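Have a look at the structure below, then the notes.
Read from first to last, the chains carry the letters A, B and C; within each, the first residue is number 1.
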Amino acid sequence: MKLQRKNRLRAIAAGALAVSGALVLTACGSDDNSKESNGGGDSTKAAGPIKCEGKGDLLASGSSAQQNAMDLWVKNYSDECDGTKVNYKATGSGAGIQEFLQGKTAFAGSDSALKPEEVAASKKICKGGQGINLPMVGGPIAVGFNVSGVDKLTLDAETLSKIFDSKIKKWDDEAIKKLNPDANLPDLKIQAFHRSDDSGTTDNFTKYLKAASPAAWPHEPGKAWEGEGGQSADGSSGVSAQVKQVNGAISYFELSYAASSSLKTVALDTGADAPVEATVDNASKAIAEAKVVGEGKDLALKLAYDTKAPGAYPITLVTYEIACDKGNKADTAEATKSFLAYTASEGGQTSLKELGYAPLPAAIATKVRDTVSTLS
Amino acid sequence: MDIKPTSPTSPPPQDQPPLAVDKAGSTGTAARPGDRIFLAFSRGSGIALLVVMAAIAIFLTVRATRALTKNEGSFLTTFEWAANGAHPNFGIAVLLYGTVVSAVIAMVIAVPVAIGIALFISHYAPRPLASTIGYLIDLLAAVPSIVYGLWGALFLVPHLEGLYKWFDDYLGWTGIFEYNDGTPRSLFTIGILLAIMILPTVTSVSREVFLQVPKMHEEAALALGATRWEVIRMSVLPFGRSGIISASMLGLGRALGETMAVATVLSTSFDIQPSLLDSGGGTIAQNIASGFKEATDVEGSVGRDALIASGLVLFVLTLIVNGAARMIIARRKEYSGANA
Amino acid sequence: MSNITVNKSADPASAPQLSTLRQARLPWWGPAAPLALALIIGCGGGALIGLESKIQWGLISAILFVVFTYLLTLKVEGRRQAKNQLATSLVWVCFLLAVIPLASLVYETVDRGSTVLDGYFLGHSMDGTQRMLAGGGVYHALIGTLEQVAIATLIAVPIGLLTAIYLVEYGRGKLAKTVTFFVDVMTGIPSIVAGLFILSLWIIMLDFSYSGFAGAMALAILMMPVVVRSTEEMLKLVPNELREASLALGVPKWRTIIKVVLPTAIGGITTGVMLAVARIAGESAPIVLLVFGNPAINNNPFEDAQSSLPYYIYEQWQNGNEPSYDRAWAAALVLIAFVMILNLVARGIARWKAPKTGR
């Protein structure tokens, strides 16, 4: 019995140690990353003044295409505004809209505008109003490739469609040769990678293929891949990793992934006088061609995928922030408005360029600012 | 010296009669208050667990029914998964095939190897080495599946290409081992990866079971001049059979439900490839993870519900497999352990 | 103990046998020679024919080794010994085959994870960092994992243990059958489905906010069947003699279970619980749905968004750039170390609680 009592004591001691250890542990972490990280942080400092209004924790979720932009905005915003914390989770547009419509988040980020039935559902959450689309950031979708011995590649929409639909199977195909008379194309199988998960990037890419070469791309554009054959991988990170690994690979992803994995990207022959490279500026030119199709305060855009304007890179993606025009959640409405006002502001937009995003064209940006200022 | 080992079924390792260990609650004898409280607690836990599980089952069935009634394709035979939008059209066939095939490959590879390692730890390895290895294996069960996924995508896949070409050369005529120049990110790769993943789980439980084999059985066999293998075959394996099956079921459960590792490695497509080595196909859990991000259940859309319906299929599948395993164990219950 | 006994009988040198009865034995280099031969043929042949994959070399060598030892023993020692030898070499080959990928996995994780793992990484969150750049840490995720796993364990282990006790010690009739049935079904539940269930019930229907606790409930659901299944198996292995002896002494059944049955099986139960903890510690799907994820530190698991290690790893992998990969591997290393320490502690307790006799 004595032995047992000793055991019990030891058990209690061990338990106490564990609990106090855990308590100590909870006190020693730090949220302050200002010192060591982000060496380039100063250069991306907010260029304009940030108006801080409202307080509280903003939860938001949605498109992963805008996560890098959000990181920067959140950092700049919370540097200025002490009372507000913004937590943006990149789970995908659909999940973001879903969480917004469940009334759990302050706003959603999405690669595509709300569908009519989603607008209808949003009326339950937005007391007296409805969900609206605010275009906030655009960017090029690059087509990255990895073919040994080939540094520059030009393709047009038709060839691209055929490659991703497994109609063109070798890199030294006549159609590719014709567009690249100088390139040393090998007799190598094309490994076309698409996303295995549903995604807004796939949606925009296939919309481009459909709009620019309807004959060569017979499938309906959508978030899930419809093309014939090819290989797939999970997420932009997955496909870009595959392109890096596999000789003969080609795939599509946001420009920032091409940059961070140092992958070569395809220049597009859009029918303009010279092939267009996937760059931020070229994407801005294409987005400037977009038309606002939303009604009232809704600013949903229709992108001009088939643009032939010189220097305009047509495979672009515009992500929206989705919030209520009226009746945002009472406790976070002010802060949401203030944060979105910052992201749409001159300073918020121009700080994005070096992250691989295209700032909104002035005309659209002005409309967004006007709309944000009326949110309630 | 040439003693023919008797078949493993004839000597019941635990040969005492199943004495009536008083099953409190079933006999009428008045139990002590302590007993009654304890029984109430343990039965209460069982019921609590039951309630949770039943709630989940109901939840799944309700949501799945919603999706299935709206499905415009056939759930069993459609080779497509387009559950979002106004005209949902989806079918489970490809996913079910992929799930079963990859899990079977994983089990075929993992279970014998795991039993081998468990025996190695319990009966072959030198003592100090054995406990270290046992510990390391337990540790590997702790590696999160996303890490297996990363490792699989960055390390395993590039190493398999040569092997698959080799299979293609010598076994290509069978059809199922044909390899047409893709990337080796096929159901077979998934099977191998899942095997590596579940190996620690199966090994750990089997090892614990082997260590419980009554000393006397082994020593009796040894005294009769049995070789080490005969000892294992006559006393260890029959004794541990139920445990091995349970361990395998735990492993199988993990293999069937594995999401992230499969999603990171597999190259998916909605068709059934005749060859195991060609990339394509998908698994139920992987499809849930891949489709979930953009699936909504807003106002009539059944994207999420359709995924839940596929989850329900996984349930039924697990149920069938486990039921079969239970039957095997029950048939041999008299040999399976002390508590007949 | 057993191994020594077994080894003695199998070891020719130490068996004091009469020379007339002694069978022919292979010399000490018995297994070594076929091994060397198999390796030479496997690797040499592989290199000569130009097989690309090292995996093939290994497989060929392994098969050759097994065949050579079998044939050699068959020739020298006879059929029974050859079979024994075959089993021995198969077990060794199994072990080596399994160790190679697992070792490579561990090596890769340690190698890549140690590049950014330091005090700063452990002590800081990701708040205010940019995912394309280096910097930030894992502290917020570590706290989240600690708290969520602890809560899940506190919910699941008592229920699981008691259920297993009920099934093994008391279980007869319909209730036990039904419980067994549902436990079996639950072992294959995809984690995302458990997450969805809690999401609909707790967050949407009952309108609670995202929190670590919500995630812990989903984790507990995933954990319970594993605990029940493995505990059940271990309790079944406790010899009935022990129960009978205790009951015969007049000890009440519940004390018999607590003082005799559980301590006897504690080693196996601990292994089972640790396997369950290991499984849930690596789950990211329920976290995404229920805990939301949070780049900043939140010490309170009952309120507001948290993060967790597996979710953190997944997040970093999705970022797809080098600094993020480094962080992902480092976090994986932290997670493995966390489970390893837990495992060590649990085994220590098990050893200390287990009866001293026996193995």
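Here is the rule we use: contacts are C-beta pairs under 8 Å (C-beta built on N, C-alpha and C of every residue); 3 or more make two chains touch, one makes a residue touch a chain.
This one's a predicted model, so the numbers in the text were calculated from it and none came from an experiment.
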| item | value |
| --- | --- |
| Highest C-beta pair count, chain pair | B-C |
| Farthest chain (mean CA position) relative to subunit C | A |
| Geometric centre distance via CA averages, subunit C-subunit B, whole Å | 13 |
| Subunit A and subunit C, separation of their C-alpha mean positions in angstrom | 37 |
| Touching two or more other chains - residues of subunit C | 317 |
| For subunit B, residues that touch 2 or more chains besides their own | 154, 264, 289, 292, 304 |
| Shared interface positions of subunit A, touching two or more other chains | 91, 238, 241 |
| Contact set on subunit B toward subunit A in their complex | 81-82, 84, 153-154, 158, 181-183, 185, 263-264, 266-269, 279, 282, 286, 289-301, 303-304 |
| Complex contacts: residues of subunit A adjacent to subunit C | 7, 14, 22, 25-26, 28-34, 36-40, 57, 59, 61, 64, 67-68, 71-72, 74-75, 78-79, 85, 87, 89-91, 102, 104, 235-238, 240-241, 256-257, 260-261, 355 |
| Residues on subunit C engaged by subunit A in the complex (per definition of touch) | 120, 123-137, 139-140, 143, 146, 203-204, 209-210, 288, 292-297, 299, 304-305, 315, 317-322, 349, 352-353 |
| Sites on subunit A touched by subunit B in the complex | 91-95, 97-98, 101, 117-118, 120-121, 189, 191, 196-200, 222-224, 229-234, 238, 241-242, 245-246 |
| Residues on subunit C engaged by subunit B in the complex (per definition of touch) | 1-6, 9-10, 21, 23, 51-56, 80-81, 83-84, 86-88, 90-95, 97-98, 101-102, 104-106, 108-109, 158-163, 165-173, 175-176, 178-194, 196-197, 200-201, 221, 224-226, 228-230, 232-241, 243-244, 247, 252-255, 257, 267-268, 271-272, 274-275, 277-279, 281-285, 309-310, 313-314, 317, 328-329, 332, 335-336, 339-340, 343, 347, 359 |
